[in-house]
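Following are the structures in question.
Here come two complexes built around chain A, the first alongside chain B, the second alongside chain C.
Let's turn to the complex of A and B:
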């Protein structure tokens, strides 16, 4: 330590801090850390409060009484388990999300393969058009789909089938973007090596490329499940009411009437199941990429798959 | 006829605007260790990829044992490749990586097991069957890649800078191993590299490429000692170039004038007149004490810089002609023999001097200040 530094009074006035920061902007960014944590708290606290009140023993969603599981299954009339509208909504949501994953993921993977390996006229344009569903306002997409199913393809009636088709329509883009990212990052070398060793293009696809794409496929399945379960606008437009209402629609209409903590309970169930699905997706990603060179931590790489 | 003969005729590959490979002709007899040497972007890798089948030529022929395979898909060609980054399948272990080709060929299981065992023995990796490629060191991955390609008993093995990712010491060891392996299995190796030392030590013959064209083909000795173009002279190690005017040429000896000094050089069968370049390797430049008896091919000079490189000492001398020449003196442990500003006499032996037509290979005014020629420096990783 130099004598000069020792003689300087250790004040913490704002101006001294500012000067210190100007002298060394690469020092520890304490302010940034505080802002970051404040933001995280700000965004998570309402969710935690909502979860808390799903366990409330009384009918109030604002005044805490005591812990109970009444709104999950205890209440014989209004609990998620016993209220047929809520139970139906839950079943409908999982039905849509499941069908969406089973159909959109295979189509999206094949589309990604085609788009990523298609070199030539039109490939750039088609890659760009692929991003349209991601930036189109959902309400526009919903109206368009409703018009199509009521005016053009009238054999598709509103209801479950229309909802599934609607979900698939906007889910495919997510699958394509995630899988294509992975395709670009693994490059063409493994396909070339397979071809070099005598594998036909089909064998190279099934024995080499698909195993290498597994993490991206799993990740995109998790994402598709999450966005489908979360969707409100398209499900609502294509619903025929009653038994085809999904959880988000149910929550929305219940909140406008006389909401009970059972709404919080069903929301909590949705949140937890989505979290589980995404966590499983992450674990699968880590398992399948364990042998590869890392560009960051597993969590960072997994996050990269979602950078849209 | 030996198996694994390659013949390229007028092979050309154009990408959008660029002509990566420009009508090259090459003949590689079966069983030869042949290298394609050149700086990055010279077309050597594109040539290899066309032979492997990953790129389709724009025009020209690729004859493999007499039949044109230019448009045969890669999985139907009897050539195998060792990739620059090995491209070992990360989801398969060592055994399954090596067995991949045999499984595609639908060989019976016992045969696969036996041949994989032999291949592992060949590359000294017995016992590593169950490892994943990520659990192997760079050198081991390289061996697995080699075993995976060799197990199919190809007519030609293509190697795309297979040692590029390894450290210098391991590279030296593997160079020797690879050469020994090639002699053992006796198949044609086509080896792509930008490392002139690697190409010189391993190859039976090599082709020096630049700008999509082959500059010179020959065995290492001829290419190093008798470069035909300025580019080849320059790319294969450091060489000193001087502008000269031709006085007389013949196949036995030539006479040139360099800024008033008349020098005798080796004979040439190239047709050179007027302005030309003369080239000499640093290890052939003789340094004599100032004032020692003058003879033919001697030019006075002054030490400009002395660089200690370990096994040798690099002395950069400004000759009286204005050229800056580099001389390499063996390090005998006696310390640095010269210091800056020492006057001395350069001896450029006639049999070490070679006349080259100037202009070919666009050698720029390389030997101004920097002793390292640009293309070689750019090619070094």
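Let's turn to the complex of A and C:
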């Protein structure tokens, strides 16, 4: 009975809890709960405040007045809709991201197929080269691309074409990594079954393998859109100014000057667009892979597939 | 069943693209860095033949980076900023990843989405958010004045090292947490149970089982955020804009976008790239190994 007598009544006072956490922070994860949620709040709330101020009725980004859509379209001079520099930045960002998706995804899918199956001379080197764009600091890549377009391929010039070529260059590897992961998890049995049933190699490739790759293709398209729309360094190094400045470049130069809430507004538009596209990518991934054996929840699979 | 040339043929466009727009451009950087400068136009004159390379600019850059040189402070500052930011990222990121992987239970999916969310919010948007908060009359100063921590507004954005480090941590930590989570999530719980059954305390089980098994995630994530931090110039520019907080990346940016001497910028880029090569090779090698060992989506 001594054990029962010694057991102190469970108190819920703050000091007792605090002592409990301090004594054994790893055993019971309460301290971890606090750190985790504090981190999540810290990482997201500032962005939400920035979104809030995009709807401010006054010119201030620090003192809240009242709700207004002035900085989106109401203001006849400085709103995103009426200020040509902001409007052009939005158009340019979507133009680069769209071209990037259209070109980098097909090239990347073919490269992933090739690298996953090609055995022989050159395949090792190709695998090695393919991984480099993922780890090269962007400033190094920016310098390299700027110099190639100003010193060697001078017919390209800086501007939209150079930016598109640059974006595709850093996007291809992301597509390869995502698609190749999917290829490994599919295995070869489906194509072999198709071949046994009399399919030609072309049919096996286009009617069996390609549909199985669809989730990875959709996911990589969403990722390419997101990284292209988010890209600052390559866009800036290859921009010729003016209409070729993208939204991240506008945000960057505006924060260094005296920005208006319209900068928050254009950043909000970009953020919402990217999140919608990534969410669609996620839903498509879940739709296409439903019924397959999962290694984790759909969110986890998607999350880990998306980040290297 | 497939013709032998097929896979090589499919890989060809991608390989050709990466050679023309990734490998060749690096050679262009070398050509400019080891080239000469037109004395009148001050334009770089690249030298393509390695046998005729002029090492003068590289020596100049190395002299500037050496102790006593004009870039010595910038170089050491870059290393200190990156090291401190990395340490803070690990200090905050590890418990978050650990909790999400181990203890989040039914909240796991939601927490994971919230942790991934910042990766899909533009870096510039997240920096803009903090620039707004850190203004002289921003929420941070107002809160600190209200709670009497400060007696007058502090100039956070006027060239303070702590603001730059804070911004680097805020910017890069999501990229660290995900690989950390992936490596912690992959640890088989039976290892831990075995450790506990054999009498290990929770702490020593963590130290002898969890920590070593999450080493690949720690190293991989650390390299993944260290590389871009070393090349960062926009973060210090946004939150400080003072030469007192400038990093190596700012010098490169300055020589291309501000100064008349791309040759020195190119030589500095070569030095930076060589310095970072070891980290890059380590990361590529670890991806390679992960693909070989598991070969699934989860491994990536």
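Worth pointing out:
Keep in mind that, in the parts below, the second predicted complex is superposed on the first by the 274 of 308 C-alpha atoms of A that agree within 3 Å, B and C clash if a C-alpha of one lies under 4 Å from a C-alpha of the other, contacts with A are read in each partner's own complex, and residues count from 1 in each chain.
The rule we apply is simple: a contact is a pair of C-beta atoms (placed from the backbone, for glycine too) under 8 Å apart; a residue touches a chain by one contact, two chains touch by 3 or more.
Please read all numbers here as calculations on a predicted model, not as lab measurements.
Legend: residue contacts after superposition of the two complexes on their common chain; A:258 is shown touching neither chain B nor chain C. By the document's definition of touching, of the two partners only chain B reaches A:203; chain C does not. Of the two partner chains, both chain B and chain C are touched by A:195.
When the two complexes are superposed, the chain touching more residues of chain A, out of chain B and chain C, is C. In the superposed model, A:211 lies in contact with chain B only, and not with chain C. Once the two complexes are overlaid on the shared chain, A:77 sits clear of chain B and of chain C alike. Taken together, the two complexes place residues 192, 195, 201, 204 of chain A in contact with chain B and also with chain C.
The touching residues of chain C, counted against chain A in their complex, run 1-3, 6-15, 17-19, 21-26, 28-29, 31-32, 44, 46, 92, 95-96, 98-100, 102-104, 108-109, 111-133, 135, 137-139, 170, 173-175, 178-179, 182, 185, 202-203, 206, 223-224, 227-228, 230-234, 237-238, 241, 249, 252-253, 256, 262, 265-266, 269, 272-273, 276, 279-280, 283-284, 287-288, 291, 295-300. Those residues of chain A that touch chain C in the complex are listed here as 24, 26-27, 29, 31-33, 35-36, 39-40, 42-44, 46-47, 49-50, 53, 61-63, 107-108, 110-111, 113-118, 120, 122-123, 126-141, 143-148, 151-152, 165-166, 168-169, 172, 176-178, 180-182, 184-185, 191-192, 195, 201, 204-205, 226, 229-230, 232-233, 237, 247-248, 251-252, 255-256, 259, 263-264, 267-268, 270-271, 274-275, 278, 295-297, 299-301, 303-308.
Residues of chain A touching chain B in their complex: 189-190, 192-201, 203-204, 207-208, 211-212, 288, 290-293. Those residues of chain B whose C-beta lies close enough to touch chain A in the complex are 52-54, 73-75, 79-81, 83, 85, 87-91, 100-101, 104-105, 132-135, 148-149, 152.
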